[in-house]
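In what comes next, subunit A is part of two complexes: it sits with subunit B in the first one and with subunit C in the second one.
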Partner chain A sequence: MMPTGDNAGLPVVGKRRRLLFVTGNTSGIEPYFYLSAVRPWVEGLGHHFEVTCLEEPDGLDAAVERVRPDLLLFFGAKTRLLYSGPVFDCRARFGIPVAALTLMDAHSPAKQAFFEHAWRLGVEACFCIDTGMREMCGGFADAVYYCPWFVNHEITRDFGEPKRIPVALIGDGFLSTGTDWRYPWRRAVAGKLREEFPTFSSPRPTSRFPHELVGEAYGRMLNRSLLAFSCGGSRHIFMKKNLEIPASRCCMVSEVNAGLLHLGFRDMENCVFVTPSDAVEKCRYLLEHPDELQALTDRGFRFVREHHDARNRTMIAEWLMLRLDLPAGRRIVQPDVCGPLRAVPVDSGERGVLLTGESPFVSGMEQASSRWSTGDVSGCLAAIEDAARMLPLTMEPKFLKALVALAEGDPRGAVDGFQEILRLGIFWGAERPDPLLWGFYLLALDRSGQTETAARLAAAFPDVDHPVLRDVRASLGAAGVGGGPACPSVFASPWFFPESPEAFLAALRATVEQNCSGGGPA
Partner chain B sequence: MGAALAAACPEARLHLDAVTPLKVSGSGSVGAYDPLIGIWTEIMAGGAHLVHGKSALDLAHCFPKSAVVMVLGDPLWRAMESFRNVRKSADHPLHAEVEAQGFTTAREFYRSPVSVPLRNRQCRKLARIAEGQELPPDRLFERARSLVEAMVVWIGFEGITSGPQPVLGKVIRDLGVGSGTPDLVPFSPPKAVPDPETAETIREANSADHRLWEFARERMGNP
Partner chain C sequence: MEAIFHSLVLPRDSGRETSAAPRALPLVPEPLIDGMGVLPAGEAVRSLVGCLLAVIPNPAAAGESPSLVPEPPASPLPIVAWLPADRDGVVAEAQWSAAARIGAHAVFTNDLSAEPVAEVPVYRIAAWAEPPEPLHGPVDPLFPIGLVGVGFELEGEDPDPRFPWRARVAAPVLQTFPCLCSPLTAHALPGPSEQRMERARCQLAFLCGGSARRVPPAFLEILLDGACLVTERSAALEDLGFRDGEHCIFAEAETVVARCADLLGSPERRSAMRKAGNALAKQILREAGAGALRRWCEAVARGRELRQEAVAGPLVDPSPGGVWERVVGWVRGPRGTRLR
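This part shows the complex of A and B:
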């Protein structure tokens, strides 16, 4: 849907509400990322709120007392929330709405750490820049709202640079012979482009291999380019670069995907959509028709500045307005990324918009799940490997593989698989395990003969609860552990449990009993 | 220092010398229980814990609320000690090369590219640069410095009389994992003091460690 009408540029909030933005300590963030991604949010929220930032870990109570905010918003950059102070249910303690804003990719291994931290802080809405988060966060999906990147006028604008670069290939994945499978489309187009046009290439800077083409230098380089390529990666998400290119008065060339269409991008109207087979032809046409290219570039430039500015990102303010007057029995949904949020009955089947279903990664996971459900275990494992190759640190393929191992009679393989996910969670700062991950890990330990260890661990984390975990704990002699509200799980997804986690556990137990009674594997 | 602390403070709850927690992919086990998960479970069970040992710094990176107490070695002394170890230990990876080249002085060794793996070791450890990976000294120092600023709450200095005992004693008492001041043996400087030219050569080869030393001392008020 085109972002016009209801949401075409002005905030919907009449009175500016007070926002306490708990940024936490941002000093560990890479300077280039802080400049290009973090600071714009801190400043952009000022269009909609009276913002007070809080960095110190110990001053939350005093800050709430002083500011008397209408909304408490925690911030997470690429990992878990940066707030490192005491953890408690802020909604219960302060009696105000509590939300989180994260710049994390949904395929990040830090995802579970982020959600469990947010859950314990009483966060009821997570605003994400990743437009594929809902497909990737299991039981948290209804709490996820999209608030995509917006134009950063400080580093991306028309600097008046002369156009000297015909084709720019910026970022990772433009090596057709590399090992990077995160960007299958980039791999497919890069070789042909290099054969046909002078190209400028620059990898994404990292902490280990930084370079100087960041900040304004990056914006100026895009401004010097006629065409610059982007895409949505293997998950077809809306990327910051999708705005940086047109905002630098450069023509964006991309793979078409649902996210770009939802955000109003149209082929030859404000950008260029190409496939690997027509990329060279369309680029050549535009380079040979500079007037047409200039007009297209100008339209893209105006489009993103008018429709994808910080002022257009009204989602958090909209959510707060709805939340403050939300009657009992209603919940808030986001039917479209750029359309208005609205309140619907709790039992309504309406869910937030899903955008990445046709991406290679999501299709791969769906294919793996569907093959397993039809008994094609080897086909399932092959599909898992394909998905894992695209995003090697992502938890979902690892979890499905471990679950398959557990169900197919390889508990030691399952222990390995679940432990690898737990290690990733620990590495990225998780203070509690995911309830389903923990439950099936305990089960795998028990079945691999490590019952004593499983029983000891079953007593740990009493504040992590879930019907499946409760069931497993009871079978390990820890029936009294838990009993609080069930924690959502990032793995509560039809990819893993087509019916429900509880049904999966029951079927797993039935299979064992059948085997024990000589019935053979199901 | 970890072993000394373990001996001085047996109540310290977690000793980590045997744990290598951070291989986040490919655990290499075959269904065996992972001790890192036990450590994590114990730490998250509540209360404060004092951990030490070779893996303590790695583990601190896993836990955002960790406060690191660091004792920094004098880079000049550490570099001389490293060269002495290479010559003394036949199984040191650089021993054969040093013998083949006939290096008998630290100056010769640190002038040679053979010494690269042993340069700036403290910065490398802090910045968690793996064996075989290199960063230019400026970037190495910046990375180590940012980690010190983010995580380290107190720094002790080799050879400085207000050594680590008092602060470690306070940490141990505050955490409730022990009651006394650990009876640690302070570091002592090497017996042979390098001549000015050798000192300068070592300083150039270990410029990141020297900057870290100066930065840390300034941060702690130039003790």
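This part shows the complex of A and C:
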């Protein structure tokens, strides 16, 4: 549901609540990203809260005492939370709501580190800019709320630049060759566009190859462009660029996806939706009809300024208002990205909105899962490879592949696969393993003949607990380890466990027993 | 367009004092005829130091069908054909045929990739009838890198066989740097949209001479306009004085990203390269081919053959005894060997 009119739908906040925004140390963030992505949040929250920022790792207790916040909000940029101070359950200690805001992609290998860190800090709600996080975070999905990017007026506005560039292809992936499959749609349109139109390309700057087209220079370049292409990547997520283009008074050309539709984008009304087969034709038409293009550009410009400004991002304030008065037996859901949040009974089947189901990556993972469930193991593995090609560092295809290996009689392959995920998690800052990953890793070790190692490791991480892990630990003689509250797992997803992880483990054991009683190999 | 014949003699041999100063001839670079005078039509040739210059227009540049070639007028002077290249630096087949039909004793051209034909010498000079001049007013370099022209856009899937270097370097460059990529179609950049302006708006402008290693004037335009040239190493460019890292970058697919990053990251080096490149372009335009025709005529009158050992290099008198009998035969009687 889109709000209508200027800032319609904004909640009436009686008084601005006090927010302690634990940004942590942001000095390690690349300057261009800080300017375009981090600073706007720090400033944007000021529309809804009295914000106090905390950067130091050791001042949390004192800051809470001094500020007396209504909400403690931890911040994560592209990886785990930037707070590096002592970890404890802040909700229990301070008695106030605790949330996190993350700019991380859901396909980031740092995701498990982020959620594990947030969980131990007592975070109840994670506000994500990635509009596909719910499909990708397993047992944390109900704690995820979307708070998408908003217009950054500092770097994207109408600078009055002369329109000199017919087509801008800003960002990575606009190459029809090579190994980068993160953006299949960009890959499909790029060659055709370059053959037909003068284009300006600008890949994302990297630390190795930085460039100057960041910040205002980037906004001015968009402002010089008539048409600029964007998309949702292989996961169809809502990207910052989806706003930066129209906010720079440039006409956005994109593939259509659920996220854009939910956020109010409409073909030829405030943007242009194209497919690889009609992209050239639609662009040519618009370039040959400058008046029409100008009117379309102006509508897009007005639309994002009216509906996707920082003032429109009321989700955190709404959540806090509901949370402060939330009766027992109720929970907060976000039925639509831009619609109001609401409280529903805990046992209600209502869940947060899902937007990326038709994306190549998500549908690829669903296809892999469904093929496996019908016994088509080779088809499943092929679908996994396709998904992994799009997002090579993402943990989900690796986890499914290892799980398939475990279930299909290749425990050594499973051990290798799980170890790779564990190493990735450690590299990206996880201090504890994911409970399901750890449980099935122990099981794979045991099955591959490394029972002694498995038994020794079963006693590690006693504060990581889950019914499946508890079961595996018991089978390895470590029944007393754990016993705390079950930790959610980012892998608790129907992609891996169509019924439940517990049912999967039971079926796995039944298969082994059946094979053993039949005398065949497991 | 029809071929035009001009009788050129040394000023001192001219029958008229007023013809001493070289006169601008349509389609003929001034440096080429530097030091020679043009005899008015109908005036008798008194000197044997000169030539009958046949200007054979480029049909592509003229936008017309192949040139008409009339029979050359009766003249005691040797025939020299001037074949101007098109904007891409190429002389058309029709021009070569026309030069053969009129029995040219020598060919001068600014197609720097031209190879000698038959037994007639071909002299390549980096001079143009309308030499590129610096653009008026400063151009704001909006884009770090410019890939202007055909062949950059296909990214290796179906590379243009005429420009293999462009296909090789395009993908790594597009993947790494902000680039203007302009295939010069109908949807050119709004405003002053010619390719020269597009290149001038870039800090680094990519250009190559294609598989034939041609040297169109765009190479010099880039240097005059203040961009840094990134190109493919070629003997023609090296003969013209282009030095890697000083006036331009000679890059290949394996090195292009590092070389560009290096230059984009160093305004001082870019500035030094721009200055050196600009000076080189001006030097080429000032000196390349200057007086070439006069020296050739003087040598031929002495029974000598001049050679050009480098592309667009000076015409030099080889070791003594190199008499060019075929050409000097015109002095002794019937015209000697001509371009056939």
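Here, the second predicted complex is superposed on the first by the 510 of 522 C-alpha atoms of A that agree within 3 Å, B and C clash if a C-alpha of one lies under 4 Å from a C-alpha of the other, contacts with A are read in each partner's own complex, and residues count from 1 in each chain.
Throughout what follows, contacts are C-beta pairs under 8 Å (C-beta built on N, C-alpha and C of every residue); 3 or more make two chains touch, one makes a residue touch a chain.
Please read these numbers as outputs of a predicted model, since none were measured by experiment.
Colleague: If we overlay the two complexes on their shared chain A, which of subunit B and subunit C does A:L393 touch? Say first, second, both or neither.
Modeller: Once the two structures are laid over each other on A, A:L393 reaches subunit B alone.
Colleague: Examine A:P198 and indicate which partner it touches, taking first as subunit B and second as subunit C; both and neither are also allowed.
Modeller: After superposition on chain A, A:P198 lies in contact with subunit C alone.
Colleague: Return first, second, both or neither, reflecting whether A:I426 touches subunit B, subunit C, both chains, or no partner chain.
Modeller: The first partner, subunit B, only.
Colleague: Taking the superposition as given, does A:F174 touch the first partner, subunit B, the second, subunit C, both, or neither?
Modeller: The answer is second: A:F174 touches subunit C but not subunit B.
Colleague: First (subunit B), second (subunit C), both or neither: which does A:S448 touch?
Modeller: A:S448: touches subunit B, not subunit C.
Colleague: Would you sort A:Y285 into first (subunit B), second (subunit C), both or neither based on which partner it touches?
Modeller: neither
Colleague: Which residues of subunit A are in contact with subunit B in one complex and with subunit C in the other?
Modeller: Subunit A residues touching both partners: 208.
Colleague: Residue numbers of subunit C touching subunit A in their complex, please.
Modeller: 142-144, 152-157, 171, 174-185, 187-191, 198, 257, 261, 264
Colleague: Any idea which subunit A residues touch subunit B in the complex?
Modeller: Listed in rising order, the residues are 25, 27-28, 80, 84, 109, 207-208, 210, 392-393, 411-416, 419-420, 422-424, 426-427, 429, 431-432, 445, 448, 450, 453, 457, 460-461.
Colleague: Which positions of subunit B touch subunit A when the two form their complex?
Modeller: Interface residues on subunit B, with respect to subunit A: 21-27, 29-34, 36-38, 40-41, 44-45, 61-65, 133, 135, 139, 143, 146, 149-150.
Colleague: Spell out the part of subunit A that touches subunit C in their complex, as residue ranges.
Modeller: Against subunit C, subunit A makes touches at 162-166, 174-178, 180, 190-191, 194-203, 208-209, 211-213, 221, 224, 226, 284, 287.
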